[in-house]
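Notes follow once the structure below has been shown.
The letters A, B, C and D name the chains in turn, as written, and every chain counts its residues from 1.
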Amino acid sequence: MTTVIINGAFGKMGTTSSQTIEASKKFQLIKRLGRQDNLFSSINELKPELVIDFTNANCVYDNAKILINNKTKAIIGASGLTESQITHLSELCITNKTGCIVAPNFSLGAILMMKFSAIAASYFSEAEIIETHHQQKLDAPSGTATKTAKLIDASRRTSKNAYKSKEFIAGARGAISSNTNIHSLRLPGFLASQQVVFGSPGENLTLQHNSISRDCFMPGLLLACNKVLNLNHLIYGLENLLD
Amino acid sequence: MTTVIINGAFGKMGTTSSQTIEASKKFQLIKRLGRQDNLFSSINELKPELVIDFTNANCVYDNAKILINNKTKAIIGASGLTESQITHLSELCITNKTGCIVAPNFSLGAILMMKFSAIAASYFSEAEIIETHHQQKLDAPSGTATKTAKLIDASRRTSKNAYKSKEFIAGARGAISSNTNIHSLRLPGFLASQQVVFGSPGENLTLQHNSISRDCFMPGLLLACNKVLNLNHLIYGLENLLD
Amino acid sequence: MTTVIINGAFGKMGTTSSQTIEASKKFQLIKRLGRQDNLFSSINELKPELVIDFTNANCVYDNAKILINNKTKAIIGASGLTESQITHLSELCITNKTGCIVAPNFSLGAILMMKFSAIAASYFSEAEIIETHHQQKLDAPSGTATKTAKLIDASRRTSKNAYKSKEFIAGARGAISSNTNIHSLRLPGFLASQQVVFGSPGENLTLQHNSISRDCFMPGLLLACNKVLNLNHLIYGLENLLD
Amino acid sequence: MTTVIINGAFGKMGTTSSQTIEASKKFQLIKRLGRQDNLFSSINELKPELVIDFTNANCVYDNAKILINNKTKAIIGASGLTESQITHLSELCITNKTGCIVAPNFSLGAILMMKFSAIAASYFSEAEIIETHHQQKLDAPSGTATKTAKLIDASRRTSKNAYKSKEFIAGARGAISSNTNIHSLRLPGFLASQQVVFGSPGENLTLQHNSISRDCFMPGLLLACNKVLNLNHLIYGLENLLD
């Protein structure tokens, strides 16, 4: 069995991930680290084959550097890294000949929704995005929505219709990101949902993803754990693990 | 058979309505009037028992007054009348002891969606509205959406959650009308759709109405035709015909 | 504060309900009873003003009789009671001048979906039901689906279209219950969902309810707790508490 | 401009297609043929570069042979051809060094929905299909639904869960085709809709396609017209034209 340490093991994602790793037959959870623990000394003492890091934006970059420099295979679950940080970690992996997977989203369903949106946009240039989250998510639109908009726009072969809509109440037509209108709902009774709606004369195509619990991240996490063991470079985004 | 004249008979609604009245066993279409025709002389010459008026905002008010003063039962299919105009027409009906039904929307499905929204809002004060129309509809949000928002707000027993969302792209959270967020999509491949989404801890309830052709207005039109024959006052809105 | 005992307090519904009662400002949870505990001696000893019973089909009827005969206000969360058992409990409440609420479903969203389905069916006689549950729910269709079908059929003013569909694979058109086609999906990633789809020429109306956690039963439970305190008879079904 | 004859030009698809070809700048409609017309003599007389055939199952195979043997580029819009007929037409194209596209469905949205379903099924083996059509479609399930089921099953990497559901009303769990449950609704107010619902622990992914008018077939038709001009073999299915 592959030995695993989870860092940030007592938050929501860390807790669910701990249960998943403990239940797996291939991985053995040897230590759960919290805020008071020291990552560097833990890996030197316990020598895990793999570390899963769900710590927050403030320390995740430093943690990633420690792991890569130590040639410990690493799964980094973070959306807050900048492009230049990712580039640097990528170079560090090459230098150290070690593998690392950085993923802002571990849901295979969300990954597929984005992938399909990109394909559909090359046939249907008219598309809008609706995303619905619980009310504790204060900012809008969501990162998944703006990323989807970016993928759609990159894939369009013809530009969006140039018609002018008239908002007689400001905001009616949503936020415009990458030439795509995004509508954000914040309601109790939802965890995370997104619909991407494509329209063409006489037909519409909707891709809809709903998460109802953090369990949805576990198959993607296990996929990443399996893939990283044989990896000698950095991969950013779970979509690049799909075959 | 009840004799009927349709005024504004050559527009989209007028054409579909003419076919419906012609196909009915209870009503006899004796004349279709267009822009060049004179309503006043037509009703004096042909003495119809019922006139259906689908003319536009500019002349519909004058037409309604002509019909009511002539004691001809009237169905007025217009959304552009002001509240004071409706009040005046209502008084005119009382004076003339005649019936008139003014309806901005003849779709029974849309009427039921609004009625149910009002009921649901007394249990679920958190609600948002998504409306999707073809791209020829330039203004946003739709009249049905703002009317639904008004009904929802009047029915709330507790006020909406006072949480603050942060739009990092303007418009993400939609238009706010009657304390309710409205999101307007404009896409080909749709005629007219509306979803009213209610959320409460652990559950969500969505009321969704889709129109795919103008046929959807015909059952409501026939209902109005039947009801107006025995009416001695004005009724505004098809929802007030439902029992 | 009103004193409360929860019987069957360690199952899924009992656990969530215990947290809800403990968090409320109006009710005080004085005891949680499990399988080994005796309801009769507990109420005699602790004299609660209200008992909430989430025990199973085998003992719930006897528990209800004990509570009513003891003049303890009772909420019975059970779907397994027969009509004759409910009739008998109802008579027992009258005799003892005490209140009891028996509810198979505490979700206000589900109750509203059923209520709206009954109203819609009096205008749209064509309706079908789709219900989706997790795969641990082995039987199909769900009780909520067959109850909705019953309400729809009772409310139809015209009978369903008499057209004949041809199944070239058996089961394609679903189960027929109360003249209404019901389609049952069993998939991971869902807790409990139901769509009631109404169709009429040119338009369709869909009422959709999704539960994502047992939290959705808590507002209905609190509503029942509040109502039962002033009740001197039995009410069956949360829909009869709505005003 | 490329000269075009439409055969079966007076049915629903033929009428819409005629308008589309007439409106295009690349194609010139030189003749519309109906039931009384002779295809063979028309192509010999008018020598069109392209023939679009929307005739019915009885004569479409013979028409296709006439066109291919005459080396006339052909679009065949038919779902009734058998596999052996398609194989034979394919061989005939090779012999005659000419192009032919046979397509049961010209909607790009429907084609994408099927393509995405196949991809999704390699990650989510649990999937069910809901298809909703107008009530004039008498047979169930639809050809698109059974084709989607076939694609899903071919793509599954792990077999479906082996749990046993219990239908207490026959048909509740739908038709089983290619190990996939299909549910067919027949309601007014719909033209053609299909939902493919994928479930995995904690999340669900739905791919939904709605057609609201025959206009939706026109972009696919034009795509086929453009592609067939440079083709020297037969392509079956519009999905094989996408790049």
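By definition in this document, a residue touches a chain if its C-beta (ideal position, glycine included) is under 8 Å from a C-beta of that chain, and two chains touch if they have at least 3 such contacts.
Please read these numbers as outputs of a predicted model, since none were measured by experiment.
Student: Sort out for me whether A-C or A-D is joined by the greater number of C-beta contact pairs.
Tutor: A-D
Student: Quick one: point me to the chain whose Cα centre is farthest from that of subunit A.
Tutor: Looking at centroid distances, B is the chain farthest away.
Student: Once you find the CA centre of subunit C and the CA centre of subunit D, what distance in Å lies between them?
Tutor: 45
Student: Roughly how far is subunit A from subunit D, going centre to centre by Cα mean, in whole Å?
Tutor: 36
Student: Take the average of all CA coordinates in subunit A, do the same for subunit C, and state the distance between these two points in whole angstrom.
Tutor: 38
Student: Name the residues of subunit B that each touch 2 or more other chains.
Tutor: 109, 189-190, 198, 200-204, 210, 212-213, 216
Student: List the residues on subunit D that touch subunit B in their complex, please.
Tutor: Residue positions touching the partner: 109, 189-191, 210, 212-213, 216.
Student: Which part of subunit A faces subunit D closely enough to touch in the complex?
Tutor: Contacts found on subunit A: 107-110, 112-113, 115-116, 119-120, 123-124, 198, 200-219, 242.
Student: Which subunit A residues qualify as touching subunit B in the complex?
Tutor: 126-128, 130, 132, 135, 138-141, 146, 161, 163-177, 181-190, 197-204
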